[in-house]
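What follows is a set of structures for review.
Each of the two complexes below includes chain A, the first together with chain B, the second together with chain C.
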Partner chain A sequence: MYGFEALTFNIHGGYLEAVVRGHRSSLLTASDYNNLCQCETLDDIKMHLSATEYGPYLQNEPSPLHTTTIVEKCTLKLVDEYKHMLCQATEPLSTFLEYITYGHMIDNVVLIVTGTLHERDVQELLEKCHPLGMFDSIASLAVAQNMRELYRLVLVDTPLAPYFSECITSEDLDDMNIEIMRNTLYKAYLEDFYKFCKKLGGATAEIMTDLLAFEADKRAVNITINSIGTELTRDDRKKLYSNFGLLYPYGHEELAVCEDVDQVRAALEKYPAYQSIFAKLSYGESQMLDKAFYEEEVKRLCLAFEQQFHYGVFFAYMRLREQEIRNLMWISECVAQNQKSRVHDSVVFIF
Partner chain B sequence: MEEEEQQNRPESCENGREDGEAEEQRQQEESVLQFLDSMDGYLTLLDSLSSTLRQGWIDLASARHSMGVSRVTSVLFDLKLHSASTTLHVAEQADSMGEQPHFVLYKWSSSDSGKCGSGEIEIDKRELQQSSSPQLRHRGASPHSELQKEYPAGSTTSPKAYQVQNERFKLLSVFGTLVSPKLHTAQLSFETALGTLVKIANMRSSMLSAFAQVQKQSQATTKMA
Partner chain C sequence: MWLSIKRGAQNFSSHLRSLDGLLGVHRSQIKIKFSVKTSRRIRHLIVKMSGQSQRLNVVPTVTMLGIMKARLVGATRGHALLKKKSDALTVQFRAILKKIVSTKESMGEIMKSSAFALTEAKYVAGENIKHIVLENVQNASLKVRSRQENVAGVKLPKFEYFTEGETKNDLTGLARGGQQVQQCRAAYVKAIEVLVELASLQTSFLTLDEAIKTTNRRVNALENVVKPRMENTITYIKGELDELEREDFFRLKKIQGYKKREIEKQMAAAKQYAEEQVAEKVSLKKGISINSAHNLLSKTVEKDEDIIF
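Let's look at the complex of A and B:
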């Protein structure tokens, strides 16, 4: 019953909510980012990060550093924190925490299948997989020739199995089919996660449905912009949009027929929530659209911490940490390429 | 009359010699100017290449930031055997300054036929025609305007441009068929950089040839003196 979570939440979730709020306080602040943006080399970045919670993960890395090393070690910290929370969680929080990683699982499956199609070594591909999305039989993905085999040999025993019902065909795996598979799986995952959160009810349902609706809308916009000029038909594009969100269903009808960024803007400006995003961009511009969406997402994720006794804080923390890692990646790239003037193009401050 | 003719002959010989020297000096100055002009063009192209590559690398980083590190990664490169979409041809070209190598880039050759097909575009064909006679380069052209000239906005209506666009999308499909526009921008930057590299090679070739010409004329002048 909504409003009575305070009576019972702390019995099973109190400790972990305290843990995640503690982790949240260790997110990098604006002054940390200002210091990092002034670094001249990647070793300077490592030195600044040694004073943060990333210190133990980077201290043993030899020079010269690479940007991918910084991203890998920062991701390891997130993985360690997640695994600690998962092993302490009880139902339904443990299922909720597992749902957070299914997106990474889908990305890993697509990475292995695409790499195998391009005749790459499986070990090389496994090293590039996201650690949060690993599962036991992931290496066996390399033997599948089509989606039916993919499902039958490997994915039937994974949490992604229910999402494959719309993907199972005997068509050979090629670049277009793999892309459609990726987006169809992600659509099914988001819809399943949305239903699960609604079933939980209470503050979790209220906060998570809003966050997932934004995620679905963001994906719809990205799919639209990325598919402009490609072979993807309007009907196929519409099939990849999730069946929930602020843009469902009328916004999706308009997005499906968009042929350029200005038409996307026209479709979204009818929604006050997204009008503010496009107000920051000039006509025809799509370069800063990602940053505008990330800023809106960070704002909503931070607001999730304003309320207690719900699972949304776990989702919000994971996403904020991933945003922080993206920020570190961008700053590292700008420093490595000696293009510090471009640093503020993509850094999104959290606090 | 005869005495007048005899007086005029040494004067006309001296005038002829002076005319010859003046002509030689003019040719030498022209060669030096040719050399300096080609060196200026070479340095301008180097600067243009540097800025184009910087733009390309930051666009690629931006695409990785937008799409995710697992989507834009070198492990997705296709290791299957396939014909090159772009080829470089080297030919010996004879001109007034002697034989020099000339580089021509053939882009977007049909990958199905395995040889240069209907989709090829010679980006240096106009330069081949221009460089057959030595000319002073027109100064003042901005290096970035080359990018705009090669890829003007809204030029996708012709069938050839459509085929080129398809070839570009096909190359990027190693990262997936729905990729960020930033990846397309990066691809365009690197494509421009490749064209600039070929221009640099040609410019360097003509610069060395002009330098050889200047040296030869300088040695000839020294011997006569």
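Let's look at the complex of A and C:
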């Protein structure tokens, strides 16, 4: 029932919502980012970060510090928080939390598949996987010798099994380009997540469908722009668009036939929500599109925290943390490579 | 004083004996050094005279003089040609040096910008983009080929890169970051271009350096060793020939002198004989043989058996 969550939500979800809101208030603010942007070396960054919640994770690192170490430790903090929440959660919140990480799981599975196909070492591959997307039977994927076995293994062992069986047959797995496979899986995942949220109903459904619709549209636009001039056919392109969102179905029709960034812009100007994004870019330029999308996403995620008693806050928090880690990576790289002038190009302030 | 003896020489003590007379130096002061000779057919003794450069020790004949003159002409021409080659190589060397300096500067810039392009790609497409791209690679699609270039007679290696095979990575980052990944790839291709060029410039630099050193060494050797040696040998041969001529002349003169004296002696003897004959004839007419009288007198000096006392 929409509107009456206040009565029953806190029984199961109250503790974790409080935890998440506490984490949210520890996200870095604009003044923190300003301080970080003024740093001259990576050691200065480490010093500033030790004053924030990242302190305990970074204080044991020996200098000279490396940018990848900073990112690793911050991700580790996110993983720890996530695991803590997952342990405490009950159904359906636990399923919801797991859904959030399926995106990373897909990336990891695809990475291991490509690596195994090219005969790389299993241990090396496992080290390169994203920690949020790890699951127990991931190592067994590396045992597969060819695509057929891989397909069988994947069906049995992974939580991603339904996505594989829906859209990909074993023959497809052989000839399909790895990127197309990744995007097909992701499309299936988004649609599944969308259905699940709708089933939950109430405020969760409203907020999550909104956020997921934005995600799907963002992916559709990116796929269109990035596949201009490649060998991806229009039909293949259309197959990768999710079947929900603002752009479904008419926007997708238009996007499928676009051959140029300006045509994409023309197609999207009919939707006022996305018009503002494209207004930030000048004609013919598409480099800063990704940053514009990130900014819009952050705005919507912050709005999710305005309401109480829904699961959207968890999703929003995870996404905001990831954006923060991206910001930190950008700042550290700029400082390390002596490109301080470009720092403000890509940092997205959360508050 | 040093003396080099050719291999297989026998009786070198006799050599010593003859040579020390020639050189005016006592045997004990001559030291012997065995060495391998340079010229292929003619094994020369190289004689070092104190305070001067060496000369080849050859038989001082007219033929040898002709041969030496021809060799001197050859050495002079060779020297001029090598000097020209050395100058041409030095010009190339300086040009390459200038190019290396400018290429290194631009390489610094390009590497910086390509590293930054990688950072942008990582920002948009996620940290794992590096691993995703690396795992998807089978063979290198940018390869380097080397070929030889001939510059003023020196073979310099030159590298150039070429793309072989297609990359299947056009669709990387399809859902996010594809643009940045392609830009990053373009930046790194440019970086590889500059690096390959720098590599070939540096190898040509080193090779040219070697070649210039060798050529200069040869020029100096010709100028300071071979040509003076030839000139000294020619001077020596000319001197010997002149001396031989003078000896011959002297000998001729001396023989002429002897011959003249011989003839005079014979003339004198003949004249005396003729006078004696005339005197004999005169005395015979008078009834006495002066000759026999003389003989009688002279004979009494010798013992005659018939005479008792």
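Here, the second predicted complex is superposed on the first by the 330 of 351 C-alpha atoms of A that agree within 3 Å, B and C clash if a C-alpha of one lies under 4 Å from a C-alpha of the other, contacts with A are read in each partner's own complex, and residues count from 1 in each chain.
In this text, a contact is a pair of C-beta atoms (placed from the backbone, for glycine too) under 8 Å apart; a residue touches a chain by one contact, two chains touch by 3 or more.
A quick note: this is a predicted structure, and the numbers were derived from the prediction, not measured.
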Ask   = Will chain C clash with chain B on chain A after the two structures are superposed, or do they fit?
value = clash
Message = I'd like to know which partner A:Asp290 touches here: chain B for first, chain C for second, both or neither.
response = both
Request  = Considering only the touch criterion stated at the top, classify A:Tyr317 as touching first (chain B), second (chain C), both, or neither.
outcome  = neither
Inquiry  = Quick check for you: in the superposed arrangement, does A:Arg219 touch first (chain B), second (chain C), both or neither?
reply    = second
Message = Quick check on the superposed pair: does A:Tyr241 touch chain B, chain C, both, or neither? Answer first, second, both or neither.
response = neither
Request  = Would you sort A:Tyr186 into first (chain B), second (chain C), both or neither based on which partner it touches?
outcome  = second
Query = Which of these chain C stretches, 23-31, 41-49, 59-67 or 167-175, gets into chain B when the structures are overlaid?
reply = 167-175
Ask   = On chain A, what residues does chain B touch that chain C touches as well?
value = 68, 71, 107, 110-111, 114-115, 118, 120, 125, 128, 130, 178-179, 182-183, 222-223, 225-227, 230-232, 286-287, 290, 326, 329-330, 333-334, 337, 339, 342, 346
Inquiry  = Can you tell me which positions in chain A touch chain C when the two form their complex?
reply    = 68, 71, 107, 110-111, 114-115, 118, 120, 125, 128, 130, 177-180, 182-183, 186, 218-219, 222-223, 225-227, 230-232, 240, 286-287, 289-291, 326, 329-330, 333-334, 337-339, 342, 346
Task = Using the touch definition up top, name the residues of chain C that touch chain A in the complex.
result = 112, 115-116, 119-120, 122-124, 126-128, 131-132, 135-138, 168, 170-180, 183
Ask   = Which residues, counting only chain B, touch chain A once they are in their complex?
value = 54, 57-58, 61-62, 64-66, 68-71, 73, 75-80, 165, 169, 173-174, 176-182
Request  = Within their complex, state which residues of chain A touch chain B.
outcome  = 68, 71, 107-108, 110-111, 114-115, 118-120, 124-125, 128-130, 175-176, 178-179, 182-183, 222-223, 225-227, 229-232, 286-287, 290, 326, 329-330, 333-334, 337, 339, 342, 345-346
